[in-house]
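Both complexes below contain chain A, partnered by chain B and then by chain C.
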Partner chain A sequence: MEEDEFIGEKTFQRCCAEFIKHSQEIGDSWEWRPSKDCSDGYMCKIHFQIKNEPAVSHPGTSTHGQTCLPMEEAFELPSDDCEVIEAPEASQVIKYEYHVLYSCSYQVPVLYFRASFLDGRPLTLKDIWEGVHECYKTRLLQGPWDTITQQEHPILGQPFFVLHPCKTNEFMTPVLKNSRKINKNVNYITSWLSIVGPVVGLNLPLSYAKATSQDQRNVD
Partner chain B sequence: MTDDKDVLRDVWFGRIPTCFTLYQDEITEREAEPYYLLLPRVSYLTLVTDKVKKHFQKVMRQEDISEIWFEYEGTPLKWHYPIGLLFDLLASSSALPWNITVHFKSFPEKDLLHCPSKDAIEAHFMSCMKEADALKHKSQVINEMQKKDHKQLWMGLQNDRFDQFWAINRKLMEYPAEENGFRYIPFRIYQTTTERPFIQKLFRPVAADGQLHTLGDLLKEVCPSAVAPEDGERKNQVMIHGIEPMLETPLQWLSEHLSYPDNFLHISIIPQPTD
Partner chain C sequence: MAEEPQSVFQLPPSSAAGGEGLTEVSPEITTPEPPSSAAVSPGIEEPAGDTKKKIDILLKAVGDTPIMKTKKWAVERTRTIQGLIDFIKKFLKLVASEQLFIYVNQSFAPSPDQEVGTLYECFGSDGKLVLHYCKSQAWG
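Presenting the complex of A and B:
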């Protein structure tokens, strides 16, 4: 039986490399950071967002009960500087830093992130919970302490917020099984990040899906 | 001959005599006396220091008090690490009591996790237990338990109830009859000399030929610098719960008997004391 929801560390690193290659092609700013002893590493991206601007709305909202591919749902956050008529107050701009690490315990990728205002003031756990998009709020409120909490970054040793991996598997499996049926060459990281990323304000441009799939098919 | 089960009690009831002193720059209305407490090795700082907090807050004004945090010789103490691990790693070569400084201002955001409530400690503890079972049993045992069993594990730790805790925890220490141990051993190895907070890797308790792996085997594989002898003399101590187990000890046995309540073996690599 294929264990779709698990990947080995080497596969993780390979998928990250492919992901970053595409990121470089489109000017998205993901990069690989090796750990000091170079035995492993993580993917990293920094992203600025204006607070209280609603996160991108997803047609069809929730991640379960949908037959369309996750890559079809995730789309790029409109470029903030084109949309805003007046310059946002500095206090409303938040710097997000996203890290993708591998968990050998759960054998899946894990999303770590931290957020601060431009003056360096960090966001609190409460701020983060409140900032979660409406369509994920219900799930979050069922068990906030099981979903997003503050944890020590396993490589840097600094406080980060983390999206718990055990919850991730719940919604990864059916979606992955379905997407792999249609698109055998889908990049695991692309699929996974397009599902978990939006929960914490991270959206992927559609081109990631097109870049890794060599087996294009039109899905209505 | 001591029963193996006695080891479980000795580990659970380990205590560290500690002296808490208020940081000199904190603003007080009168002099703050130091506070002495025996800390449980297997618990967490923010879970067992309510009395410490109350003691110092009595001599302070409400407006000068924000989130409490602890420090030892300039190093902020991570409340999410078990107390015994912090002591072994940072202070085991110093004389007792353990001298900890208490702060109510200038929370070090870059170093420490916030601890907004007991719920945060429970969430952290349960998260570690779940991760340990993911390694030992692919999460099957812990997921089969009811919510009330999870609660009992937490309440057992919180209220220092050995029997209450182990009534449930013993199930997490079982393995299928046809195997010789867990799938992988939950462990973390800590050294103050590295940027990386700890080493954690997949490691099986039993070799392909059925031989039980030892503590020495683990270290050789994941942390060779810890045991490489220099001129025949070992540079480092390998410490768990304040003792140095023999490197020949089977890892499976250590996991069943010397794990912390979160079911992890938290191992400190510290320099040999110079005296």
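Presenting the complex of A and C:
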């Protein structure tokens, strides 16, 4: 990195390209999406997850082929068929989207994310909190508005949650300084995403760490 | 989110009272001040091996982070990164507002649920796993 802790947009794009190259090798489904005029763009990943909620019985509300009985009658009939489960698979699949954009003002990457059910209902900030890893919860809950905010996506113009970038340099600087000291190439995006990703449920496979090493060997 | 949406955050049970389950390996330690609950077995040589339950970890400080008096630890393979982070934070007496990060290859932070045994298999060499740790006020 020719600059100090910050990265320029060109470096950002190059690091993303390397990152995506490895993603393709391991089928991790990150892709680059250029903006309309192709001058810039962002990295994007979508993944689906089933939210593990207890099955809920909705007598009388389901339109399944099973017998649907109002609550009173269900009470009288001791049959398992009375317990109607409302399509748990469809209603509890959550679509997570993670976008990595470059912030010109902070000169660092920024993680945008959102989640919604398959019917389009977005997850609330509260839902998102519940998915935050235990080790980050205490800190984030103390001042959630300092770290996760809701903002308009700069390219898509839609509301996303954002992990605020103002502290990025605080944790990236030691890593970068250390790597410069030992003359080692570090993919800024890989390092950064490995740190911020788990906070919002995005865990990078370990092979990304090795990919960086391999790049170094090729460079030599 | 973590692979299991229900996110069961439980450290594996450990014989040590505090649950850290780390054993000192380095023989040159004179009077370390580990947390009272750490299992200390000075003088016991535990050769690292693939079939062993514990692996050797060498901890190195990055940046302005305090250096641990004891750098070499024998750790159960099932210990998670989060467990290790908690241990180091206690050992270094970090305050609550300070965050600690652990890196492999000096640049990649494994997710908190990652087990050190897996990391050893992927990144270990010369019978040990080198991990760098760094404190930060990132979300303080």
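The definition used in the following text is that the second predicted complex is superposed on the first by the 162 of 220 C-alpha atoms of A that agree within 3 Å, B and C clash if a C-alpha of one lies under 4 Å from a C-alpha of the other, contacts with A are read in each partner's own complex, and residues count from 1 in each chain.
Simple rule for what comes next: a residue touches a chain if its C-beta (ideal position, glycine included) is under 8 Å from a C-beta of that chain, and two chains touch if they have at least 3 such contacts.
Computed from a predicted model, the values in this text were never measured in an experiment.
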First (chain B), second (chain C), both or neither touched by A:136: second
Contacts of A:178 with chain B and chain C, given as first, second, both or neither: second
Chain A: partner with more touched residues, chain B or chain C: C
Partner chain in contact with A:49 - chain B first, chain C second, else both or neither: second
Touched partner set for A:41, first chain B, second chain C, both or neither: neither
Touching partner for A:206 - first (chain B), second (chain C), both, neither: second
Residues of chain A at both interfaces, chain B in one complex, chain C in the other: 146
Contact set on chain A toward chain B in their complex: 35-37, 104-106, 122, 124-126, 145-146, 149-159, 164, 166
Contact footprint of chain A on chain C as seen in their complex: 1-7, 9, 62-65, 82, 85-86, 96-97, 99, 101, 103-114, 118-119, 122-123, 132, 134, 136-140
Chain B residues within the chain A interface of the complex: 78, 80, 109-114, 116, 119-120, 122-124, 127, 130-131, 134-135, 139, 186, 194-198, 200-202
Touching residues (chain side chain A, partner chain C) in the complex: 49-52, 96, 131, 133-136, 138-140, 146-147, 167, 170-171, 173-175, 177-179, 182, 184, 186-187, 190-191, 194-195, 197-198, 201, 203-204, 206, 208-210, 212-213
